[in-house]
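This is the structure I want to talk about, given as structure tokens.
Chain naming follows the written order as A, B, C, D, E and F, and within any one chain the residues start at number 1.
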Amino acid sequence: MKLAVFLSDLRRTEDTYERLKAEKLGVILVENGIYHAVIKEGGKDSPVLSKAGATFYALTDDLETRGYTAANVNPKVKLVSYGDIVDLITNEYEKTAWL
Amino acid sequence: MAELTLGVFPSLVGSMSLDFSFKLAEAAIAKGHKVNMWLSGNAVMMAKKGQKAFKDYSHLEKRMKELMSKGMEITVCEACAEARGYHKEDVPEGMKRASMDWYLAKTVKTDRLLHIGGE
Amino acid sequence: MGAVKLLFVVQRPPYKSENPRLALTHALASQTAEIYMDEGDSVVPTVAFVGDGVLNAVKGQQAMKTYGVTSTESHIKGCLMTDVPIWVCKEDMERLGLKEDQIVSDAEDMGGADISTKFVSFAEIQKEMESVKHLLFF
Amino acid sequence: MAELTLGVFPSLVGSMSLDFSFKLAEAAIAKGHKVNMWLSGNAVMMAKKGQKAFKDYSHLEKRMKELMSKGMEITVCEACAEARGYHKEDVPEGMKRASMDWYLAKTVKTDRLLHIGGE
Amino acid sequence: MKLAVFLSDLRRTEDTYERLKAEKLGVILVENGIYHAVIKEGGKDSPVLSKAGATFYALTDDLETRGYTAANVNPKVKLVSYGDIVDLITNEYEKTAWL
Amino acid sequence: MGAVKLLFVVQRPPYKSENPRLALTHALASQTAEIYMDEGDSVVPTVAFVGDGVLNAVKGQQAMKTYGVTSTESHIKGCLMTDVPIWVCKEDMERLGLKEDQIVSDAEDMGGADISTKFVSFAEIQKEMESVKHLLFF
């Protein structure tokens, strides 16, 4: 399946996320999920970003709301707008899961 | 163009998930998609007219009305609303109240479903 | 469209928010959704409890006695009574130390259901995720 | 006997923190203590009359009135209520609305404060 | 200080809890916090119960709500009623913290 | 009773619920609480950000631009402007990789505050917990 997963929290739902598999997997970081794109806890990337084969996106509005900019974002993560998210879920992926 | 259904369950004033939903709906409509929105759980807060617009809180009634005028269907869970003391006369114009089967039925024909659960 | 399959995935513990219960009541609403649908269309739901969500399925919940509210348990039984499949993830039960006899598996006090709770591996849930049209995570 | 102040911030129908608060207040009053309760954030849901009592949801209006008749003072955050569209005429009898300084002032003389935050 | 800490969740707020110190510390498990008294994740007691010097309590009503009884409760934890909690916070402890 | 000290401890990230902001607005209300108090009484608050709560204090928050709501940052500045002490836990900043220059520390755009944010160890927050009359965790 082609699955777009939304992560909106800094903590929790990790165990479902880790086990989920998809032929094509997009991980869209929104709301407090954006912290995974900018924080290096203990000097390390968020474990969220180690999901194999996934493409990572973060919503610019939610990044800016919380005081971060493109300069802070992990190079693994692409910044997207609301319009981009619409395109992702209608064109690139077939199903969505808001964890 | 696709049909997108959003089911929004978390949130009240203070969480940003409702804001997210309305901004995403706006972006989808701008691209010519059809959008349906189901509000259940705490998200039924939208079924109460007369919310005072403070800068400290997001205030979505105006945006909701604009989106409805552009064809978005928006329906709230009737039981969830009554349990919070929101009655028929409280509903903003254009919004519908129904039971959960409205949402279930929408899942049949919609191309995409984004169900926003959470706590 | 014919029969459209949905998977309800409950991943959070009960009583913290109403969402786990709403997953069950929404799944149940598949039974009455025809009034909004075209002839021949239907919705076929499965409810799967994963992660800490398996705690929703622990039996013996006394919420009515203690707080005067319907327990999540009785909603699970309501689903079984109307043939909505209830799945509970085995790996998560094991992780949390839950045995099968601690889990709601039938609805005898409601007159008995034709189906009972299925204990499944996450791999089976994953397979169901692939086969359904839409996913609803709670 | 002691004076106990409860500040309750989380919750809506569905979370059990409001239920917890009212049961604890009831137990404290039964033991002869004085109880004050401040409801803010989502807990201001109690400031809306006419909530339908479903078995699926806890329904606390009756218990609240009993506790008030036994001397419990209960006040809700006025701004939090208005932001949700709960106005003066919605307030159940006996409940007060005030700004946050009511709660802050109670902390001065109360023997114990239990502040229930959470998400 | 004599501090009564309330835990109402199964996950989170761990890092504040771990660092908190008190001469006399009571940990009162309520709502979903009661899972710490009954679940042995991976066969082990909840880390919550390893807090040194603390006394642990769990609210019977909240245990029963979730399908558990006294028989399931870790021997480190005392069961209490709402009335007992009132006595604890008015007599045994001076301050409270709801984590 | 004289001056009663309170410690507001914010331990969760911003924008997920309104509670972190309510901690700040409640602390600020100490300034106007006299109308409900006896002569000579007062409330003296301190606000401490710990754990993931330190994320509330990251500067440059654009919530007004993006969503039309007041940022948590501007509430922190409002506290500094009225002499409500703001503390941020150093160990948690370090854990999350936050430097002091990333944290809201003054209120220059509001005309300047007499106090600035204090970067403290958890041990100092612990000491404050011991010295105050009541604790309010958010």
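Note that in this section contacts are C-beta pairs under 8 Å (C-beta built on N, C-alpha and C of every residue); 3 or more make two chains touch, one makes a residue touch a chain.
Not measured: the values here are computed from a predicted model.
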Please report the minimal path length, in steps, between chain B and chain E on the chain touch graph. 2
So which has more C-beta pairs touching, A-B or B-C? B-C
Would you mind pulling out the distance in Å between where the CA atoms of chain D average out and where those of chain E do? 24
Euclidean distance of C-alpha centroids - chain C vs chain D, Å: 33
How many angstrom between the C-alpha centroids of chain E and chain C? 29
Residue numbers of chain A (touch at least two other chains): 9, 11, 31, 61-62, 65, 95-96, 98
Of all the residues in chain B, which ones touch at least 2 other chains? 13-14, 16, 41-42, 56-57, 113, 115, 117-119
Can you list every residue of chain C that touches 2 or more other chains, as numbers and ranges? 15-19, 25, 67, 133-135, 137
Inter-chain touch pairs (all): A-B, A-C, A-E, A-F, B-C, B-D, B-F, C-D, C-E, D-E, D-F, E-F
In their complex, what parts of chain E are in touch with chain F? 1, 3, 13, 15-16, 19-21, 95-99
Using the touch definition up top, name the residues of chain B that touch chain D in the complex. 12-14, 41-42, 45, 48-52, 54, 56-57, 79-80, 82-85, 87, 90, 119
Where on chain D does chain E make contact in their complex? 2, 4, 16-17, 20, 23-24, 26-28, 30-31, 33, 111-118
Can you name the residues of chain A that touch chain F in the complex? 9-11, 31-32, 35, 39-43, 61-62, 64-69
Residues of chain B defined as touching chain C within the complex: 7, 9-10, 40-42, 99-110, 113, 115, 117-119
